[in-house]
């Protein structure tokens, strides 16, 4: 448990905390296909941890394991120094783990505001009855949480689409709304699955800024899957590299960048 | 004018049956209007309203017509009847449900506005058993009778009567419900094939009738031992089965066929001039005859009411009086051109159901005709009367009605 | 480059206006022309209307309750509005839709085979092309018997691309082909585009966010913002344009900046309100 | 400048969460309430009450209920008829067993009982989805109807299995039984419909509504972000069944007065209510009312036009009516798959832009 | 004891055959669901409509006679000829193709890409329409359908089994025919869906309308084709059920008996429809026969659904349905 309290200094001199989450020997199979083959790595408190690898390497599956949606055949997930027993995804969410999805998973029939409000659902406690009556407790709670959500909306600059049904939004905005929903939950760990896919440079810059700010301001730990090497190398403190379900590299961006196996499997050419 | 709405159904699962009945009902009034200039000089209007055998539509029809001066309702649906029974007592309309509806409405003390002469479901069950008694020299001991019934309020009606009769006459009764619509009855008939009852009595309606007769013929159940209530005894029930339905029996409370003088008039005044309801396709069928018979009873009650009131234009209350004093004698029937068409009817303040007499008819598949095979027979009032008293009293209590003194 | 009046223009979009749901005006008069045998890129930020433009071309808007209310789209001088999407495929225009849209319950191979639905040139030719697709995307060969719904995002993207190639089209409309692909693959896909373009003479119109790669491979580019074309020109020229450099390539005068160093959110400069 | 939200600024989140954010809408709503409560009761007669208003209100309640389940929580149910039967039989048993207790309490209790039954039948929804679930709910429909038909205790051992509503009063006015006046019938249904619509609105604008919608739109994602599918689905089933149960109780006790389960609560009822919410608009309170109005009024209207107006034979009229109803359903779905509610919203959106086309 | 066994065997066999009759209706559902993801509630009405048309053509009825008579005061009913069964069946098949074409043109085409429930609703609207149309065209009375299929107990089987076991089994000859025809149909349809290009296209369409369009599959063609086949299957079902219990409104209600079959077999599986039908047929018959009398009978309406429900709890996609893809 000593690793819990350890602090590390990252490449650019920032301090990250002890190990917040640790994956130990995860093996995940679908029928005959082994999507994750015995992978272990950890995520430290306050860091930005990137997971990269070619398509089909098992990155998204790994996030799904963390969120409890996939149950690995073998291996353990440790969270805050405790082994996590079998858990339903919604129980995992209650631990303070929020995420975005690779194939945007917004609730299409709801407005942007309502979508983001769902991020608050673990913080709203009023029962069915008091909600049915509305006046009083339920309304107060709603307004209190709405204020928080409005801060997130401001932060991500999506004020003007608050009342738009998300189904109509263009791709990039959807991604942002998804991020807003995850942020609204005020999570300890934020899992981002390709948050910048389908964006142009300018938008990526904005998005990067958001990620960094969340990390800085709220101290949120972030696990990030991304294919844009520029983004990954610039933002992350440490990088895990996966290929065909195996871990082929783990370390700071610089270490990874120069790892020959990583270059062969993923980067193609050494990235600048 | 006299307004007698016809709450009919010509669509839906029972539309094929409802159509024929509605035609007979309409045509008789048309005849009276065309030939006699109405009843007592008043023309009869028969506005038709489609219920599709659906209670809510039935209520809608009732509400739509009741304020137009309607005198009497005959919805040809037990479900709708139950709906209307409480309403007619408030709105003061007559409800006439010959051969269907709520059996205990026979008790005029409780059901002031409802009439169900000449016969009801319980009468039917009893007459059928009486017939079987006759067939068996008065002894049904040890016989097995199966009741195949439409699994609804209607189909369940005869159960208690039959149970009473079973006790009295020593036969065993097995009850076999069939859910609507009832096209698929294989397991029920396999059960009958296994149990080998001596007789099968059926309370069915719609497609269930044909399917049952078909299955009975499939398992080679002797048709002579298969007796349907009057709602299971029309042409549409037997013709689809073809020759194999030959010999099937059914109850009826009116005559069949077109061998009655009234048809000459119908031909002359209604059919030929093209006034027949919906083209006169069904003239003379069993259900047509039944609709016609219902119209006849109503028109006689109107006449009686006019007599009593001394006026030609009457209201529903007067019509009720007419019904309560209605007497249709065999002579009167002959006068009307329908000799021996129905049983004698004599009603009173406490008896709204007449004598309960019914008779049997049998299907001749080759001639495609129903033949009457018995005379009108009295039901076993010993069993029925107490049941009626019990059920109507329960209703009175539940609905807070104080029975009238008669 | 080839100019619009040229006989070689394969596709011409004239002043097209698109409205969704009768009220949402998305394209406000877009015109572009795609020369035969070229690679034309459609660039622009999120929500600019790239996807809508492509769908208008392949006549797929109807099922999204959108409609072209103004302007015309001509493919080889013929109005596409008069043709249903299936006919357009027969005529050689095929679209790879944004967000992959694989047939989830079909296997990867069956997905590829549906691409050949309109072909009439026999099973052998189709087999050959299937091999060709597997050559381009070896990963698909491994996964050929898996239900497409269970393959990874990138594998689905490859399936969708492969499926389009299977129809032996004359023109492919590619909507964000690079989205979600590993960098190596992005490069590879564009190389495939280039190879197909040069080898088989297939014309490409591609919508891309990855401006950098797109402009490297395209011959000509259009930049769409807010439902309008705000700039167009040969790819090389666009690459040099300082605005394009700043907004779409992320380069400032000092070269590429680290994402970490972007200290303030950019306020997007708009060419048009 | 008739219909604008411009200048109608909200200064608090509370105002922003209002049901009718636009002033004009709010006024229209109050006006409708005034008419419904203060005008209609004085002019209504038996025909209008029984043929139009009472069924409309009752079905609107049922539609609200089904809309919670199907429109908001995305669980398609074809068991509505069966659940209405539960409400009806529950209220019947309560009315006859405890005649001294107020009918209002009985109706609410009937709703509660239905909620429990609904939850029970909602359990499979945790495994079964989409049309499989829809068909599975038919199990509830057929089983419940069979049960009420078969077990004599439910119909107090009456000979035919019919149930009859005895007279019960509120403040001295009969609201059930034959002596009920048209305004009394109408008012009790109106009060229930009004209160329940308000409850439905509250539930759906708050977190429970969002949980339901999240489950509807993408159940897996919902679970991953923290919605417990068990409680979300079961609470939807319970709430929905409560509404449907109340509607069933009112249908039997106030409207029909007598009922036979197979006939009054058969599968057609389930379809009818489903129609209402789809024509009206899934996931819309207004849609529930609009759909109920449409499906109640249309047949009455058609019948009056075809038989009364054109003088066609009733059977032909009835068949053609079927064709027209069917055709209109298809037509509306094509014109606007999201129902009358969306059609209305679009009209307003256009009005807002008027006179500019976009 | 022995007797009980024979009875059970008899019920079992008859259950199997009834199951086949259900499966005939279920097949139509499966086809359309497979090809467009549309849950076609109108399948039952389609069967009714087909049977009505067949009888009408066979007996030389004038379509819309009743309406024409009502409007013009004429008295036409029949053309005065009868059409031989085979020809009538072919003509009815043509009518069903025409109907499929119209349905595509007037309904489906405008609903591409809509949510499944909307399409489902549209088919209910369609069911209403067709029900009304059938009545207006051919009249609402009960009609006999006779295309020469034999009916009633098969005496050969009865005497044979009586000889072997001392108990003559009851098998309906119509059921034997139904089984044969169903077997043929299923074999043909399976081959079609699995091994032909159109079959593959059909499954593609079910998955994603837009994507199917984008690769050049004409939804229109696929739909017309599939609805035509479904119309043909409906005709077969209509002939069987119409022979059994007459042609009239209630025929459309057999759809309700086909739903649990579907659910159990899986909405997307053609063999599933048959296997589901057999299980449901046997299950409900045995239950009604042995347990029914103890709990008051008439259990068939719900039993099938409850049985299917129990299966689904273990396999949410039915026995043979395609796996429901759950991913994020």
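Per-chain numbering from 1; labels A, B, C, D and E assigned in written order.
Convention: a contact is a pair of C-beta atoms (placed from the backbone, for glycine too) under 8 Å apart; a residue touches a chain by one contact, two chains touch by 3 or more.
Only a predicted model underlies this, so the values are computations on that prediction, with no experimental measurement involved.
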Which neighbours do chain A and chain C have in common? D, E
Average the CA atoms of each chain to get its centre, and name the chain whose centre is farthest from that of chain E. A
Pair exhibiting more inter-chain C-beta contacts, A-E or D-E: D-E
Using mean Cα positions as chain centres, tell me which chain lies farthest from chain C. B
Centre-to-centre distance between chain D and chain C (centres being mean Cα positions), rounded to whole Å: 47
With chain centres taken as the means of their Cα atoms, state the distance from chain A to chain D in Å. 42
Suppose each chain is reduced to the average of its Cα coordinates; what separation in Å results between chain C and chain E? 44
CA centroids of chain B and chain D: separation to the nearest Å works out as 37
For chain D, jot down the residues that touch at least 2 other chains. 146, 149, 218, 220-221, 224, 313, 315, 319, 322
For chain E, residues that touch 2 or more chains besides their own: 66, 135, 140, 296, 298, 301, 327-328
What are the residues of chain B that contact at least two other chains? 10-11, 15, 19, 151, 179, 278
With touch defined as at the top, which chains are paired up in contact here? A-C, A-D, A-E, B-D, B-E, C-D, C-E, D-E
Complex contacts: residues of chain E adjacent to chain D: 39, 66-67, 70, 106-107, 110-111, 114-118, 120-122, 124-133, 135-136, 140, 256, 259-260, 262-263, 267, 295-296, 298-299, 301-302, 305-306, 308-309, 312-313, 316-318, 324, 326-328
In the complex formed with chain C, which residues of chain D make contact? 346, 349-350, 353, 358
Touching residues (chain side chain A, partner chain C) in the complex: 12, 30, 33, 53-57, 60, 102-103, 157, 168-173, 194, 197-206, 208-209, 212, 227-231, 234-235, 266-268, 271
What residues on chain D touch chain B, complex-wise? 45-47, 50-51, 55, 96, 146, 149, 156, 158-162, 164, 166-167, 177-179, 255-260, 262-264, 268, 299-300, 303, 307, 313-315, 317-319, 322
Looking at the complex, which residues from chain C come into contact with chain A? 20, 24, 43-48, 51, 98-99, 139, 143, 146, 150-155, 157-158, 176, 179-187, 209-212, 247-250, 256, 258-266, 268
